[in-house]
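Okay, so chain A shows up in both of these, paired with chain B first and chain C after.
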Partner chain A sequence: MDKETLLNHELVPKHEILSEKDAKKILEKYGITKKELPKIKTNDPVIKAIDAEEGDVIEITRDSPTAGKTKYYRVVIPA
Partner chain B sequence: MAKGKKKIYQKYEEELPEKLLEETKKETKDLNQKQTEKVMEEVLKEYKKRQVEPGEAAGAIAAQSIGERATQMTLKTFHVAGLSEGVSVVQGLPRLEELIETRKTPKKEVCRIRPKKEIEKNKEKVVKIAKKIEETKTNDIGKVEEDLVEEKIIIKPDMEKIEKLGIEMNEIAEKIKEKIRRKPEKIEKDKIIFKPKASTLKSLRRYVEKAENTRIIGIEGIEKATLVEKEENGETRYEIHTDGSNLKEVLKTDDIDPEKTDSNSIPEIYKTLGIEATRKMLYKELMEITEEYNINKRHILLISDALTRSGRPTPIGRHGISGEKESVLARAAFEEQIKHLLKAAQKGEKDELKGVAENIIVGNPIPVGTGMVDLRIDLEKQKN
Partner chain C sequence: MIEKEIGEISFRLMDPETVREMSAIRVVVPDIYDDAGYPIEGGLMDLKMGVVNPGLRCKTCGGRKDTCPGHFGHIELVRPVIHVGFGRKIYDLLRTTCSECGKITLTEEKVKEIEKEPEKGIYQFRKIRNKAKKREKCPHCEAEQKKIEFIKPTSYRENGQRLRPNEIRERLERIPEEHLEPLNISKENKPEWMILTVLPVPPATTRPSITLESGDRSEDDLTHKLIDLLRINQRLADNLSAGAPQPIIEDLWDLLQYHVTTFMNNSTTGIPAAKHRSGKSLQTLFERIKGKEGRIKGNLTGKRVNFSGRSVISPDPSISIGEVGMPLEMAEELTVPMKVTKKNIEKAKEYIENEEHPKANYVKRPTGEKIKITEFNKEELIEELEPGYTVERQLKDGDPVIFNRQPSLHRQSMMAHRAKIMPGKTIRINDGIAIPYNADFDGDEMNVHIPQTTEAQVEADNLLRVSENLLSPKDGEILAGHQDYVTGLAVMTTKGTKFTKKETLRLLKKAGINKLPGDKDKKEYTGREIISELIPNSIDMEGKSNLSEEKVKIEDGQIKTGTLDENTFGPGGKLTREIADEEGVEEARRFIDRIGRVTVEALMMKGHTITMKDYELDEKINKERKKIIKKKEDEAKKDIKAYKEGRLEPYPGKTEKETLEAKVREKMSEINSELKDLVYRSFDPKNPGVIMTKSGARGDWKNLVQMSSALGQAAVEGKRLEKGYKGRILPHQKRETLSPQDRGFIPNSFLEGLTPIQLFQNAMDGRDSEIDKGLNTRDSGYLYKRAANALIDLKVEQDKTVRSASNQIIQFNYGEDKIHPQNTRGEVGIDIKKIKNKVLKEKK
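On to the complex of A and B.
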């Protein structure tokens, strides 16, 4: 399966790598450290497809059945 | 839209969820700027009022809401439905258990294949795809015989069957050659002869078995592919549901829409599409089995988030969420007390007493609801 199919698959929401600055803003907003974020592994197919690295914060834009669109954050951890 | 009003909406974009904002936009269409401002203020106020309060034990409530219905479900266990769909699916409580424990090997795995848009209404073409996907072994299309005197294996395919499937003799010979690593001696019109150098009858038998189980066409693990009719806007379209699942290979098939093709197997989704897709599928599947019990979506959402928080599907229970808690006392309170306590003692673990169970054990107020509030001294103000 190619990258495009994976990233456009119905079940896969949009994943974006946050810049250092944006990541810091998010952590400040929720008053937490990176360690406390939900995780995503480096061997996750989507992480491989978007070339994210360990320690990156990923912004996930989900379709929410209650709120329309929601943002979720995960930090990349080694597999 | 008036510029002023647009600005008002923009101000609330950060704080209100998209769906709610869109709804209020629709409702305030005919109001002027001042009225809109007022309405938005009220909406925000009401929205905040309805948010879950800090310290609410949301997880415990979700567990209760599902647990209560699960009791009802027990009465309906092993109810088989959907015979008309051709593919039987594990339902009810057994399926719920499977999902929540994120088992590595679910009982009935099903791939739901969506053909390409151009052909999804064409039954013949969809049948063709289904035939191509279904795993067909030599056994299914004919017989394998052994000639003990001449030490030969003779493959006799059923001519009618292979014509229907559109397979040629050469293809069969090629596939078997790959499997048993011997060149065919002769390919005739209706049979293929192999002469492996088998020293004993036993090893000849082994070659026969290998030849019988060679996959001629199809995808490994797909035992059956069934056509399913779906009604949509008054038109029928066809989907293929399979017994057994192999999502990775299925997605490579021609003439299908891979972006809309999925599987109900959580481990497979995790492997091929990642953790976020896993979460979505868990939510979908949990919603489906709890549909008739009317559980609030938010509980299910919370559970799907909890199951995927660690980056891999984590079961609830001894080997998952409960068994990986940070606090020793909380782990010991759940199951296998001695193991946890001994290990913690060996390692010199420290318990921060942040959770619920450990605080009950030591006799402290639990950090839930009003118990979460703490007093702190503002040192800056003390100076003056």
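On to the complex of A and C.
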């Protein structure tokens, strides 16, 4: 599937690569290392589409039935 | 805090060298003790393998009975034998590899090809095996491959010729290292280790001998097995060196194989289990670990616990739902430790002094010594007692105990109650709290546990307390309440229910209220007035009622209109929840207690009972009922006729038969719902059965219809009856009539009674639904258990993240909105409107 179609699909939430600095902030906020973050594989279609690399922290903004919008973070791991 | 983290655990085959290295001694003598009762050197209880007898010292570590952990020994097997656990794997390897060169009997290319496919590990190996076993010639060395046969559990044949373990070992040795990976064997293993040449002997501490009262020693099953094994090993060695003929050697070898096999797994299929002289099977390694009473499920996952009790439960509406009636006999055995301090020393002495119930059973010195209190040492102990001692006193009123009923499916299956010591042998609970435990009183048993430390007591009393668990963590609904309380409330708050002054006083007394509501000169009081006395004044609410036209309206704690029922009280009751919200859970608990006592008393006053006559239909209604049934039956018969003549228009996607069945079933269920309307229309609303049904206390309209009007359609597997004889259910019917009554429609009511045929039809339905119920509860129970086990260590942390036991983040914001569902109120979630109104009212 081509990138545009994939990323604009209504069922695909917004994925963003966090900058090194922002990623560090998130880890500090929760008092964790990347090991404790939820994971996502490099072969995930969205990860391929946004050109994320191993070790990147991805911020996912989802629609939530209870909270409106909600943020989720994942670290990219090898497939 | 994690001090050490386990990175990984790996399992591999144990090689003979490791066995010898970790061995403290080579065991050779098939005996245990000498005539003096001292362990024989080189025997199975050699002191190098650890000590089990007091007074001796371990020759390996120097430890005593309780400090020496035990050490392995080993037996050098004269001839190699197959390890039972690997019988199948060895068979696979023999079939997959060349008997001459040991390589996989497939070309390199073919193996590479299979390795590229998505299947990995065992699945990949199976693919290779299935291809390789068909090869009749080795592609590497051109050697001919003979057919290998596996005779479970430990013999192999090649073209009918017996393959001995030593030959097999040689073949496995020939498998080149680089061929191991496609064979699903990891690098640290060598396949020939699956053939045993050395056998580890478990430490003496794992197979202790027991000294009987008579002074005789009784050895562990494992030791017995090892003795036999050693004997045969020795005999085989002797025969070999004496150059005995081959058949004798082979027999002994097989015997050795048998002993090694049963030493590891005495329930191997295909070989007779080794037995005691009494005929009981020996318990060897496999049996020790396996199953419910095995090491894992029986000793590691589940243990027996002290300071606990179990008995049959029975109901007692006079105690609080937060209490539990403990049988005196139990209370006398269960103790609570009491640390003696300067402040409580007098109290402690009093407990020791006491002749009966709340007395002390034991005194524990600061050294840890535990002394049972008897009549004779009492005085001495009182004299000796000083701060630092611990006194174990009997359970008494008010002690927190943890109460539980299995299966413990949710949090409310284990709650803390306050003990109340009672005569009798059963544990008493208020029936209002039976629902969260899913308990009834038809013989159910429940467990109690007595928390032993102050921390545990405080924790139980604060977190596990019944009142803390009144609100369901799922949605904040109230869980407690009871059918009789709902019936009683409905009866009392029905418009027109009146009580005399005397009765009113008696009812209120039950709730601990000693004065009449409002006007003292009234002759009669309504039930609503009395119940209003129990509702806190802060309560304002409106709610549904099934029993009265008007809504339930409560203002300032006074019931203005409406009849209270399941919507207001009992599981899911809105009034109780309102009280919990406004006045706290403790008040809600008190409310349930008082409602319970008052309504039960009221029911006894007014009387509430059902009789056959309640379900008789009067003539007019009965005619109407027959008309309804007749009409629908005729309609169904019309359809049946159309079907038989082939005129029935099938529904899309259905056959004619299916269409007919659907139509008839629909007609039959229409009978049910029309009869329901009829029953509701014709029955007096004061009919006790109707009160119970409508208030939601017990039973539903279906029960009323079945008793008074018609049982309706009997169904098996969701279909009208069709099983039994050819074309009919019972031999008394005509074939293939398909008529409603022949296929299980029962127009009779329980009151009228059933014909023999109807009785059978009803029994078929009954059995089917009973079986169905059993299957469903089993399946859903298992499903629930799986889900619960998967989620068991997820935890909401202080920062509202959900994390696993290894601190992995599962959710960043619990439920995305960080709101505990227990604090939500139905559809609205958090009722902001209500909070606003309340604040505004306070301001005024």
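Here is the rule we go by: the second predicted complex is superposed on the first by the 79 of 79 C-alpha atoms of A that agree within 3 Å, B and C clash if a C-alpha of one lies under 4 Å from a C-alpha of the other, contacts with A are read in each partner's own complex, and residues count from 1 in each chain.
Methods note: contacts are C-beta pairs under 8 Å (C-beta built on N, C-alpha and C of every residue); 3 or more make two chains touch, one makes a residue touch a chain.
Keep in mind that this is a model prediction, so the values were computed, not measured.
By the document's definition of touching, of the two partners only chain C reaches A:Y30; chain B does not.
Of the two partner chains placed by the overlay, chain B and chain C both lie in contact with A:A67.
Greater residue coverage of chain A by touch, when chain B is weighed against chain C, goes to B.
By the touch criterion defined above, A:L18 lies against neither chain B nor chain C after alignment on the C-alpha atoms of chain A.
With both structures placed on the common chain, the touch criterion links A:P38 to chain B and to chain C. In the superposition on chain A, contact is made by A:L6 with chain B only, not with chain C. Shared interface residues of chain A (contacting chain B in one complex, chain C in the other): 38, 64, 66-67, 70.
Taken together, the chain A residues at the contact with chain C in this complex read 30, 32, 36-38, 64, 66-67, 70-73. Against chain A, in their complex, chain B makes its touches with residues 17-20, 22, 248, 251-252, 258-260, 262, 269, 271-277, 280-281, 283, 297-298, 301, 305, 308-312. Chain C contributes residues 799, 801, 803, 806-810, 812-813, 815-819, 829 to its touches with chain A in the complex. Across the complex, chain A meets chain B through its residues 1, 5-6, 8-13, 15, 38-41, 44-47, 60, 62, 64-70, 74, 77.
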